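Listed below are the structures to be examined.
Shared chain: chain A. Partners: chain B in the first complex, chain C in the second.
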Partner chain A sequence: MATYEVFLKKDGKDEFRHAGALDAANDEIALVMARESYARRAEGNLIWVANRNNIVVGDDAFVGANTDKPHRHHDGKAVAARRKQQREESNPT
Partner chain B sequence: MEEFEAFLNDGGIVEAPDDMPDEYRDAVFTFIEMHANSELMGGLTERDWIPKTPGLRHKMSVVAKTQDEIGHGHLLYMVAADMGVKTRTEMLEDLFDGKSRFHNVFHYQAKTWGDQVAIAFLVDAAALASQQAVFKNCSYGPYRRILKRIISEEGFHMRLGEDRMMRIANGSQVQRDLFQDAINRWFWPSLQLFGPDSKPNDKLLRWHIKSERNEVLRDAWVQKFVPLLQSYGFTIPAPDMKFDETTNRWDVGPIDWEPLKATLAQGGPDSARRISEALSNWQQTAWVREALDAPAPEIAAMT
Partner chain C sequence: MTALRNYLLTFADDEHLMGQQHVEWIGVAPFLEEDLAFSSIGQDELGHAVMLYELVLGLDDIEPTDTAIDALAYRRSGDEYRSSAFVEYGTTDWAEALVRHWIYDMVEQLRWNLVTASSFTALAVVASRAEREETFHRRHADALLDKLLATPGSDACARLLEALDALVPMLSTLLEPPAEESQILSEGVASASLASLHLPAITAINERFGTNYGTSDGVPGTAHRQTRSAAFDPLMTRMCEVLDLDPEASW
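Up next is the complex of A and B:
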């Protein structure tokens, strides 16, 4: 038995989403179980199942390092202020 | 623990790999395990009725409902096993050994089709109301996400139950009597499913697993289902029931909690038979698990 994570895609427009997990003896049974457990009433039309052991996890400590990188953003405030000033100067009320 | 409780009060969501206090892990695990057991026992009850269900249309819906309930069991055992307290096999063994609990209503026997309709309507509604109250604000993420799917299916089980009740209510006197008998048997167990009044220091409330007190959910069920059953011309088996004109509310009178306590100790009227049936079902299906686990046979090359 192996544990599989199940992903489901709806109607061709949404992205695949995590639906849950299940235990199955092999890939083929995992697909059947995923269909019968998570897509019983047209909740989606495509399924991915992935053996949990094959999923590579980036944990909070790893991914979180990217939360403190302000130089990757620009809030646009200075640029917006300059444009606003320009608009006001060209259309004085 | 104080820090953890502050995190929960702040709307924090706990995921399976996260650190959590042992008391929280144990309480959430026991709650999910009981839910999983109840879905499995409920599914097996439903299965008993497949051959006896009148009419092909109803029979097919009972087959689908059986699959739904067993499926809910699967999903919940998965979520519970991921908490790392017991494996699924250990949970099933404890269930068959009478060491873990399942809902009181599955400790009674469904004797007639009327019982089956009453269960689909009264019991499913009570179970759905408690599940919704957990879903609303559950701090354990994996349980909350799986509840979303379970609740959507329980919702139409309940509508199916009301549809069946409508048919029985519009049927012959024999059918109506059959259903009145079923209400007499199932009204109190359904109401007791909510449990006695929540204690002031209820851990499940404090840790945002439940979002509503037992007595509040129970009362809401009474206010909805007493008038609904009466609107079909059925009576409620509560001799001390009163209607309060000032609050516009029904009071069912004192509740005897002894039957509920008996079921919690596996001493309900049908507990022993239910558990042994579940075990024999597990044993009868052992060959499927063995076949799935066996290595694929080697096939001689055809030359």
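Up next is the complex of A and C:
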């Protein structure tokens, strides 16, 4: 058995959206079960089922926001002060 | 009129009882998604029965209200039904349920094909509407069987073949034509006898399961579906369990 992620698309310009997941013994059974589990009330007219093992995963350690890098952060005060100075110099009162 | 009514009831009652048997698996099928899929397929069959019962009510000159359809579906006596033992048969064995699902839908396709060019045009319309759903039913059954039959000699194979041995003899009742079917054929309502599906059905079964059933297996009966099997009354009791709590209730 493998876990499959199910995506549905409605007719029109909507994109595929994640609908849920299910376990199935193979691709065909996954597709058949996804149709009845997630689309039997016309929630969409196209289905993708993706074996979770085939999904390329970016995990939290790689993707998650790094909140500990003050060397990359500034509060803009230095820029604001410099631009203010430039304005005053070009428009002397 | 009687011949046509009988013919419609034969199909409608099979669809009705087969649908009921399928939906009874909700909550107890082998896995959650199958609960949903199998009972959804059962509901499709019940929908086909409704369309056919509406045609019967039209012949009876009765307006096809929900109440009238319910009366026809649930409130006849056993001898007024034209269902087959194949669909009346009660089972709690999943292998039998799955094999029956496959056989029934394989035969159902052949049955609809008999009336897709019917001189009774309302029936031809019902046939094309129903057949659109049947493509999925067959794909569902085949998807499970492809997987379960993939390893010859496996426990799954053994159970399915055992179920098949129990069900093939009952095929004779599913292929049993109603009374006065010849009139239906001469009027162009159906293109061939229900009994003519015997060889195609046996061939399809052998191809699907790798078996060697012959022309002497599941031979169509000749009793014109006049009597019900022993399984009919218990099935009807289950079906009407809630309805019988308060027969006057408005649904």
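Going forward, the second predicted complex is superposed on the first by the 64 of 93 C-alpha atoms of A that agree within 3 Å, B and C clash if a C-alpha of one lies under 4 Å from a C-alpha of the other, contacts with A are read in each partner's own complex, and residues count from 1 in each chain.
Here is the rule we go by: contacts are C-beta pairs under 8 Å (C-beta built on N, C-alpha and C of every residue); 3 or more make two chains touch, one makes a residue touch a chain.
In this text the structure is predicted, and so the values were computed from the model without any measurement.
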| item | value |
| --- | --- |
| When chain B and chain C are modelled together on chain A, clash or fit | clash |
| First (chain B), second (chain C), both or neither touched by A:R40 | both |
| Contacts of A:I29 with chain B and chain C, given as first, second, both or neither | both |
| Partner chain(s) touched by A:V79 [first = chain B, second = chain C, both, neither] | neither |
| Partner chain(s) touched by A:G20 [first = chain B, second = chain C, both, neither] | first |
| Partner chain(s) touched by A:V63 [first = chain B, second = chain C, both, neither] | neither |
| Stretch of chain B, among 20-28, 92-100, 164-172 or 218-226, that runs into chain C once the two complexes are superposed | 164-172 |
| Intersection of the chain A residues that touch chain B with those that touch chain C | 22-26, 29, 33, 36-37, 40 |
| Chain B residues within the chain A interface of the complex | 67-68, 71, 74-75, 78-79, 81-82, 88, 145-146, 149, 153, 292-293 |
| Sites on chain A touched by chain C in the complex | 22-26, 28-29, 31-33, 35-37, 40 |
| Contacting residues of chain C [partner chain A, same complex] | 31-34, 36-37, 40-41, 136, 139-140, 143-144, 146-147 |
| Chain B contact footprint on chain A (complex, rising order) | 1, 3, 19-26, 29, 33, 36-38, 40, 43 |
